[in-house]
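Before I ask anything, here is the structure I am working with.
In this document, chain identifiers A, B, C and D correspond to the written order of the chains, with residue numbering beginning at 1 in each.
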Amino acid sequence: MRRTLSILVSLLLVVSGFAFAGGSQEAGESAAQEAAESGPMVIGLSVSTLNNPFFVTLRDGAQETADGLGVELVVVDSQDDPAREASNIQDLIQQGVDALLINPTDSDAVVPSVQRANQAGIPVFTVDRGANGGEVVAHIASDNVAGGEMAANYLIDAIGGSGKVVELQGIPGTSAARDRGEGFNNVVNDTSGVEIVAAQTANFNRTEGLNVFQNILQAEPEIDGVFAHNDEMILGALQAAEAAGRADQIVFVGFDAVDDAVAAVEDGRLAATVAQQPSEIGSLGVSTAVTYLEGQDVDSYIPVPLSLVTQ
Amino acid sequence: MQYSLKMQGIHKHFPGVHALDDVSFDVEAGSVHALVGENGAGKSTLMKLISGSLVPDEGSIEVFGEAVRFRSPAEAQHHGISMIHQELTVVPERSVASNIFLGREPRALGGLFIDYRALNTQAKALLDRLDVRVDPTVPISELSIAQQQMVEVAKALSYNARVIIMDEPTSSLTERETATLFRIIRDLRADGITVIYISHRLEEIFEISDRVTVLRDGRTIRTDATADLDEDTIVSSMVGRTIDTIFPKREVEIGETILHVDGLSGNGFRDVSFSLRKGEILGISGLVGAGRSEMVRGLMGIDPVDGGSIDLFGQPVTTPRVAGMMRRGFAFVPEDRKEEALFLGMSVRDNLVVSLLSRLFRSGLIQYGRLGEVTAQYIDKLRIQTPSQGQLIRNLSGGNQQKVIIARCLALKPSVLILDEPTRGIDVGAKAEIHTIIGDLAAQGVGIIMISSELPEILGVSDRIVVMKEGRVAAQLDRTEATQDLIMQKAATGGGS
Amino acid sequence: MTTTFDLGALFRRFGLLIAIAVLVFGLALLSPQFLAVQNVLNLLLQATVNAIIAAGMTLVILTAGIDLSVGSVLALTAVITADVLQAGVPVVLAVVIGLGAGAVTGLVNGLLITLGRIPPFIATLGMMTLARGLALSYAQGRPITGLPDRFLLVGTSSMLGIPTPIWITAVVYGAGMFVLRRTVLGRYIYAIGNSSRAARFTGIPVRSATVAVYVISGALAALAGMILTARLNSAQPIMGLQYELNAIAAVVVGGAALSGGEGGLGGTFLGALLMAIIANAINILNISPFVAQVLQGSVILAALLLHGLSRRNQ
Amino acid sequence: MIPTVRRIVVRYSTFLILAALMLLFSLVSSRFLQVNNLLNIVDQSALLAIVAIGVTYTIISGGIDLSVGSVVALVGAVSAGLIVRAGLPVPVGILLGLVFGALLGLVNGLFVVYGRLQPFVATLAMMAIARGLTLLYTQGRPISGMGEAYTFFGSRLGPIPVSILVLLVVVLVSGTVLRRTPFGAYVYAVGGNEETTRLAGVAVSRVKLGAYAFSGLMAAVGGIILTARLWSAQPQAATGLELQAIAATVLGGASLMGGAGTILGTVAGALIMGVLANGLNLAGVSSYLQQVITGGIFILAVLLDMWTKRQKV
């Protein structure tokens, strides 16, 4: 008897663990509840990953705008896993959100989720990355391929039109790595005199950026420029080059314009980084959705301008 | 006379060892044939040849007149030979029936599925035949060791065995369980089944066997009808010399009380009280499962106790923990050598000093010189046979392994030494040596608590005997009043206290 | 018993070393850069983080345990360290706090395993998720950057031309070998790995020794995290993903048995070195990233098969 | 009476935890217990459950399989590639994918049985190799456009997700094999006591090979389901799934020492993880905190399980 009782107590402990977790997240909970009732507008935001500062900033931008407009924002995190994304979006639909902002992990893999939302009659907006199918009311993004091209053009100019460059790639198989790489390679391959001497993956990761570029520096006595698919990797590469004393011979171009990278540009260590304005993307996503839900027309493509952050 | 087994001129070499040297071994059909010999005499090798695990280098084997050459246990089984290993070979989580028919389950639906109903019925029939009351559908791990042993016999029968080899089947059985096993063996014999019986316990041999073969150093020394032999003859054939008495009891002056246990209770034992005096050997007897091992584990602080008191030299010991008990002067030789005492992948030296380390090197830093000295001292003192201190302990014989464990305890210079089945599975020579060591220790004033399931050993060695039954003390007997019958009576039927 | 020259024994003892030598020789032929002093230093530098984590993992695996939480613990302690550094805590104190945080997570692991009696695989698997979540919550998913220069020296300075992290690794391995060979705790670790039941019966403080190895493992993960943080001038909550598997791979390639009681730090270091050599070679030779993982997996398999083969011939 | 209650608690602790969690979430969110949401949960957990069932086989046999996540991705890519690039009919592509998955599992088994590698490291190496092969095969790009016959497996039949039907079939088949056939009995026996099983004349090597091949096959089924659900094969799909599958198996009561475990337990374990993810989403808990809670609940659940089991003695 005593033991059975203890088991029940343990279960109660688990339960109270939840109560705590639930309690600390009242905002989200009430959002779900109120969605059921028809209080203020509720918008679901599915983010590809909150393990990356870029998307954290995107989320913050969206949250800020939502707060300003008096809209509840329910955020789910796919952790770069398309299967989890599909589940998360299913859950948002289940919560009865009024509109879905999706930042897909992959443009193909998100299609069934978009269609499911369509069937449920929930308008879908994609941010940063598009969907290759389903009905999307509007796509709010800046173009990764264009960004890669922009970076390439800047880099080629900066090294004087010819030379040896290195490409640090993102996680193989992710769309950001594909698109940015495609843009970069489109330009470089069309430019005679510029040679990609090494193209290695550093998995969007600063540590690997450091290690991988250290090795490339070793292998290649002559490097004029580096382009990395994100800022994390270029900052790692920058550190490797500075340690090796070759930073001043190389032009570094990153992507995303995260705070660290912008600071590095201001310090003159980093030549440039492609700014996508994630906060603006998130903010525009929410305001576009609200505008649409209020019955007004919105454009089907809302470009967020890319800019190159340079000194 | 029909022979179920005839072996002639068997030789078997292993690298560096002539394990079997011109062995001949005949077993009459429908008899119980005992095989005895010290550890390393070649019994296991011989049995492996018969049961198909090994192939002889030379010599012939005939089974019921048919010349055979087994290349696998399956072939031997096919010829009606089954072996029950000393260490039980069961799949713990599976049911009794599944264990019996493992690999030969009755099939249903064209062989695709196991017919569990038939499986259980057939198992039930086998167990009934042995008069073993066990539910064939329960996991075998829920059975007692003795019951598992009976299941092993049932398994052997399920192969339609005509020859069943039993290797030390009673080593973990109580007297009463042994009696049940003997009844089954007699029934088997009555059904015309041959039993080859390996044991270190001579009294069992006289009780159950028709003929005895003695092996020594890989040779057959003699094969005779049991009725024509006596204990001394067998022992001297085994060891190649005469041993006056197996249990040399030395008269020791018994001093003051050093340990007093009062009302000790824990998982598996209740309200156990006894005292131990300086130089005294306290035997603890009882059936397996009577709570003897549990009690000493509680006393040593290995398992938790939930009541009672322990007084050592008049000082109460609260919430015992192993390391603390060892510091206070306790030392312990556990029951299951392989699982509870040995570090098989470590050296003789590391095994010997392991309990001593924290005492020898208070700073936590090891000085190898010191370690070597201590080790050498005890290797010498206990005449442990090992090529070097660095030898892996798994390469030593059982008797020498046990001596290392006893040395580990002696190195602690204990005032109380607890030994749980110290001579189980150890050959006669080593056994006598261990008894001598125990006697010497008592003479030096160490209080000794010894658990043993072997009644002659308990009777021969102890000054006083505590008999346990169902977790409680059933009787305390003085050596002058104790007899096998009395102990058995107390252990089996209780009798108050 | 023969005293003749035994090639098999030589190979058993130095197999991994020989394999590495052959690999290095081959790589040196393929690229003259490979054996340049600077590259060798780079390679060692890149091996340090994995090697330090693997050192702790070796102790854990010797007790027949496993620690899957090291990658997450590395991230958690890194963000904590970086945060207190930014708050102006002196460098030495911050390092102590970071190492302490790692030790605390190790302590929790150890207690779950000893008192909670959860198998190590499961306990540390739970801790892996939990610590990662804590790291992300703590840093709110963002890197913490802008650390004091004095702290960065941990990762960026050199002594006698050799980068500091390599010195730190050498100290860790020296201390680890000393613990394993010359201390009572070392004997206990091997004994527990051999048979934890026998260890309990012989009065070895099994629980505290087990807790100790997980504490060491947690603290070493924290140390590795600091080296990374200092090299990058940034602590990120997603650092150390899958580092646990790299460390385990280094330990088993180094010849330790996951069943415990067998292996040592020398082997682990060679294992970590081998893995760093492969990663380095992939960059130096500009091998396609798509092939990289296939290559790494195959080399691990080959090393283990070789190891098993040489042992079986015993 | 009480012993019976305790026995039930011990035996069905996984299901009790599942029930407790569901009760809890139904209090937190009114939408949780809606039929559609419950169907969603099973749909979301099907992949994990199916893959974990395969892993359960290897764990019962005393091994482990860390390669399943990579095999899911590789089989998804290869089956999609055979259909899209090589133009094979959908059923052929799926069938070949399944065969391929089983073969990958078999290779694991070969390394374990004949290479005598520890299962943990053999399958760890396979995890890296299969992921690498996926990247090589896809050249890092997703493969899509398999057509409706393929994506059927990710769609719904009326309100019922097809993945649930696949899961049902898998549970039925794998449960029957494990509980009713000689192979299933030997998987348990090998994990319980390998030497005894060998001595009983059972072809232990074949049983182990079978267990790993089955695990590969289940990962392949998972790969098809996932690819169908996403309408595309992703080169980085199912990373980290292996640890989740092991977690589900352990939650389901299997012992990492081998010899114990059930299919229904594993499915319940997978559902616990699915319920947690879904419930925490509905409760609006941040993703960072979700990880903290998931890790904590996992440890608590295992503690509870260990503890109730210990009370039996």
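Convention: a contact is a pair of C-beta atoms (placed from the backbone, for glycine too) under 8 Å apart; a residue touches a chain by one contact, two chains touch by 3 or more.
What you see is a predicted model, and the numbers here were worked out from it, not measured in a lab.
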Requested in this report: Could you work out which chain's C-alpha centre is the most distant one from the centre of subunit C?
Outcome: B
Query raised in the report: Between subunit A and subunit C, what is the gap in Å from one C-alpha centre to the other?
Result: 31
**Report entry** Whole-Å gap between the CA centroids of subunit A and subunit B
**Finding:** 68
Query - Separation of mean Cα positions, subunit D and subunit A [Å, integer] - result: 30
Query raised in the report: Counting only residues that touch at least 2 other chains, which ones in subunit D make the list?
Result: 135, 140, 286-290, 293, 296, 303
Requested in this report: Can you tell me which residues of subunit B touch two or more of the remaining chains?
Outcome: none
Query raised in the report: Hey, what residues on subunit C touch two or more of the other chains?
Result: 136, 140-141, 289-290, 292
Query - Pairwise chain contacts under the document criterion - result: A-C, A-D, B-C, B-D, C-D
Report task. Report the residues of subunit C in contact with subunit A in the complex, numbered from low to high. Result -> 31, 33, 36, 38-39, 42, 45-46, 49, 136, 140-143, 145-146, 156, 228, 231-234, 236-239, 279-280, 282-286, 289-290, 292
Report summary line: Given the complex, residues on subunit D that touch subunit B span 180-182, 185-186, 188-189, 192-193, 195-197, 199-202, 259-260
Report summary line: Given the complex, residues on subunit D that touch subunit C span 111, 115-118, 120-122, 124-129, 131-133, 135-136, 139-140, 243, 246-247, 250, 256, 286-296, 298-299, 302-303, 306, 310
Report summary line: Per the touch rule above, subunit B residues touching subunit D in the complex are 73-74, 77, 89-94, 98, 102-105, 107, 112-114, 116
Query raised in the report: Within the complex, which stretch of subunit C touches subunit D?
Result: 68, 112, 116-119, 121-123, 125-134, 136-137, 140-141, 245, 248-249, 252, 257-259, 289-298, 300-301, 304-305, 308, 312
